[in-house]
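Below are two complexes that have subunit A in common, paired first with subunit B and then with subunit C.
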Partner chain A sequence: MRNSEKNKMARFCDFNVPYSENTENLRQIVEMAIKLGYESVALNCTVTPGTTKGQAVVPPPPKPVELSEATLAPFMVQGKAFQQLTRLTAIIETHEQKYKVNPNNSTITAYDILAVQPLNLKMFEAACKELEVDIISLDMTQKLPFFLRLTPIKRAIARGVHFEIVYAPAIRDSTLRRYVISNATDLMTFCKGKNIVLSSQAEKAIELRGPHDVANLGVLFGMNQAQAKDAVSINCRSALLHAETRGSAVGVISIERIMKQTPGVISVERIPSASTDKRALEKDSGEGQDREDPPGKKPKLVAKKKIK
Partner chain B sequence: MSLTLKIDVRPPRSKLVIEKSSFDDDKSRHRKNVEEHHFNHMVELFIPGCAELPPSVQAEFDRCDDYYLIKNVPLTELINKDFIENFVKKGSLYMLSHNTHIDKHNAYAVLPTGQLILSVHKDTYEELGLVGQPSQFNRKVKRKFVVEVDLTQDIFVPGKKNYERVKQGFQRTKLKADFLLSWKPEGTRQLAGSILSHFQGSYECERHSQAQQTSRHTDLLLPVVHSTELEEGEDGQWCSAREWYEWLGAVSCGISCNEAPEHYISRYSCPDPNELTAAAVRHSTTGFIAPGNVCTLQEAVRSYMRDNKSTCPWAALTAHGFVDSPVSWARREHGFHHGGENLYTFLIFRDSNYWLFQAVGTNDICP
Partner chain C sequence: MKRIVSKGDAPYYYLKVLLEFEDKTMTVDVLTFRTVIMKAMMSMYGEIGAAVPIDILKYDVETMSAILRVAGSNMVKLWGALTMLSYYDEKPCAFRVEQVSPFLMALAASSRQLLLHTKE
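Let's turn to the complex of A and B:
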């Protein structure tokens, strides 16, 4: 599994650094993020699929920003690595656009994280209930075009999808700040502070804030102290893990008994997505029993099963 | 259905415990308190009415032991039989993992009592296969676990079940970290440096000495305190202990207390009543300081205070713990929320009375 060793810890993440061709500006933002104590950033590409003659224009994932050794020095000392991820945010308004965001598209799977920004209630409900995405981002800088409802949000939380609140617009302008806080508290009444990711969407390095400051802002949005801190650390990690399970296509489980003399001991392993899309279930005698997995079923990272 | 949201705007909780006692009291906890606070990052001494640090106290500061930084030590090395027999059991060993943030990474510590404390994430804990307790601070969502391994147990030897289990766990997870280390051997026969030769062959070792810093104040306003009264005097004759502690914090951070209350940068002013002192000295030493050094330092300050020549009304000795240490006092768990402070201050009066302030952050058990 990619980055599995590094992902074990609850590091501070910023999952929304807008990608631009201006590499100098981007480098400044990333360097500032390192300075502030983030250990992981995601470069974000925002697209509106299906805008040019029915073709989905999804650019290939951006290359990580090249950083000088002096910037990475604090990580070198600690024997850790700075993580740069890629994220795709698709703005969806129609059903047609919705179907463009399917995980079978190889360009989309090349991204580490997949996010959608629904523009109307139908798309919001679809994103919460059925779309295979990791993050649902809402444009909070204006009055939301629809009323949030409890049922889809509950469903999204149950599926492990995260909601994103971006804070940089709130720094830029006082009107935007009012909208962001009001919309965020609105969202918080439904999700009770769970499954929230706080990220920056900073267009300039100066708009970034340190993780503890962002967590404090989260308190203002209506989360409690612990939840606010989780929103910049643990929740980002779970969003990333959710992305990894999604990336592995249909969940594949192989159950193997490692020691035949001790019944009940089972090791569950995950097979890389490319190798097979079948579920292999080996029994005591070693007989393989193959089963086709229903396509489109929700993947599972770890399955625990007890064979008697 | 009406949904109203309450925003909790209270700051993160923190605790301050104040007690007053006398050094002459048989039941006084001052020694125990110092000894149980195993990992000290900084010790600072503030003496008002004194332009230079007394030579006897300065000598104690200079006598602080050096400490070592050993890089990339696998945890299996800590349960090595030779290591336990030669160092853990024959002296006070203080080890603390370096550059590990306790809220983000796994953190480890070896206490002088012989316990190896691991504060690990859920993933590591499950992989480790050792029995531990879920962390006190996030009981609802079990995220961190604390595992204790008693290295000094008689049955903790190779071949025994428990030992092998711990060893297998460490080998499987390949846990390693940089460690700060300080060792005080029992008796005088062995040299403290011999622990370095144990690690030097296989790991990168660095020897560091404590960094000292002195700052002097002139014309400083001192709050008036009364050694037997923690609360504020009824007719405002002296300040309360809390006001005094806040003032000490401001002085030690270098915040000016003489500004007018409407000043732009700092509105803090010295609590009333106060008196002017011509000079004051603040001396600090930073590094990895063993409690033994703090004890001797405390004795030196006490003997200086008993000395009739001294003119200072009191002296304040503060020891800051490491913010990312897995324990604060003794084996009490310590964590990091927005700050991981764990510190104590002795306010030593001339009449051998003292006040002890113990301050901890949000994720801490009350000392």
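Let's turn to the complex of A and C:
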């Protein structure tokens, strides 16, 4: 990933390619993504964290798809690199499942991106407000089980968490399309086109669409042109960077005492004021000692008083 | 050389599109191609969508690619409808929009450098 960072500006990303054991199908999807102009894909594993022990363990991240030289040739010509990431989507419904999605779990940190799919309002609010995740994915292919509300969404945007809209179900079926459009426009009224990631969730290569086509879909969902383009490029990148900081945000605070002080006493340097120029200094060193109240002394007294 | 200054919305937009079937051996003639576009608009926007005037300026049967002309105000609608198309006659297919421009001349060269349907 470090090598490819020089071409970071408008990389097109698709952060939801469902991972399956069917490697041939997966390879076809990734190859189609390359053909359409994507420079980065994320292989997605969806899990439901188990409530009891030994149930639905988080699988290790999938290995990147092996691609032939010929498919990668267009990248070689332009001096770019194709990026394959891994993403974990946890479906959360209960509090126990919520706590399973903590970033301290080493299998979870092995994934590049962490997403959650909340199934009820409580989990949605938790995901927006406190959970350390990068993407909140809502199942938009059905009527949402809760009403979206402005406060948690605003909070999520402030924290840099992104919302995902998947478009492949909308392409697959006209009923799903209706739900996706209605839910997406609904979401758009709250987040006003900000922090949206458009991704495919394509199960077949033919369901994938080019990044510019997807951006146009974003316009149909209610974003403006620039926001729609960001939703397939810059927002994906910032979600990825959010994921990176999540791993590195383990900090250490050390408190050190700089100097010892007895309370109430401060050593005050005697600074001659601007009015006491050269002449005053001379007096000070010589015959000026008989003067009772040199102007330079005044600040000292004042300072002491203030401390008391 | 003539210099053209465009002010405001362009009257027409030109789209260079390509129809792709999952079954690579499928080919459609220009009339069927037109029907596919009509059906796409119909399923997305109903009768009003189907009434949008769309011109096919050029069609190549071999690659199933075409240059479409549509009024600027209907461009997003058409593009969206083409993107959402997934089946024609129960066969999975997809429209790949290669280029979109308010000027026909711009379609002469591609800036996106998509390597679609490269002939072997």
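The rule is short, and it goes like this: the second predicted complex is superposed on the first by the 236 of 308 C-alpha atoms of A that agree within 3 Å, B and C clash if a C-alpha of one lies under 4 Å from a C-alpha of the other, contacts with A are read in each partner's own complex, and residues count from 1 in each chain.
One rule holds in what follows: contacts are C-beta pairs under 8 Å (C-beta built on N, C-alpha and C of every residue); 3 or more make two chains touch, one makes a residue touch a chain.
Nothing here was measured: the structure is a model prediction, and the numbers come from that model.
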{"item": "Subunit A as common anchor, with subunit B and subunit C clashing or fitting", "value": "clash"}
{"item": "Subunit B versus subunit C as contact partner of A:185, first or second or both or neither", "value": "first"}
{"item": "Touching partner for A:212 - first (subunit B), second (subunit C), both, neither", "value": "both"}
{"item": "Which of subunit B and subunit C A:171 touches, first, second, both or neither", "value": "second"}
{"item": "Touching partner for A:11 - first (subunit B), second (subunit C), both, neither", "value": "first"}
{"item": "Partner chain in contact with A:31 - subunit B first, subunit C second, else both or neither", "value": "neither"}
{"item": "Partner chain(s) touched by A:204 [first = subunit B, second = subunit C, both, neither]", "value": "second"}
{"item": "Clash-bearing segment of subunit B, relative to subunit C, as chosen among 97-105, 115-123 or 259-267", "value": "259-267"}
{"item": "Residues of subunit A that lie at the interface with subunit B and also at the interface with subunit C", "value": "212, 216, 219-220"}
{"item": "In the complex, subunit A residues that touch subunit B", "value": "8-12, 39, 77-79, 185, 188-190, 212, 215-216, 219-220, 222, 224-226, 229, 233-234"}
{"item": "Subunit A-facing residues of subunit B, complex", "value": "3-9, 12, 72, 99, 103-106, 121, 123-124, 138, 143, 178, 337-338, 362"}
{"item": "Parts of subunit C lying in touch with subunit A, wherever the complex brings them together", "value": "20, 22, 43, 76, 79-80, 82-86, 92-94, 96-97, 100, 112-116"}
{"item": "Touch list for subunit A against partner subunit C, complex", "value": "35-37, 74, 170-172, 174, 177, 204, 206-210, 212-214, 216-217, 219-220"}
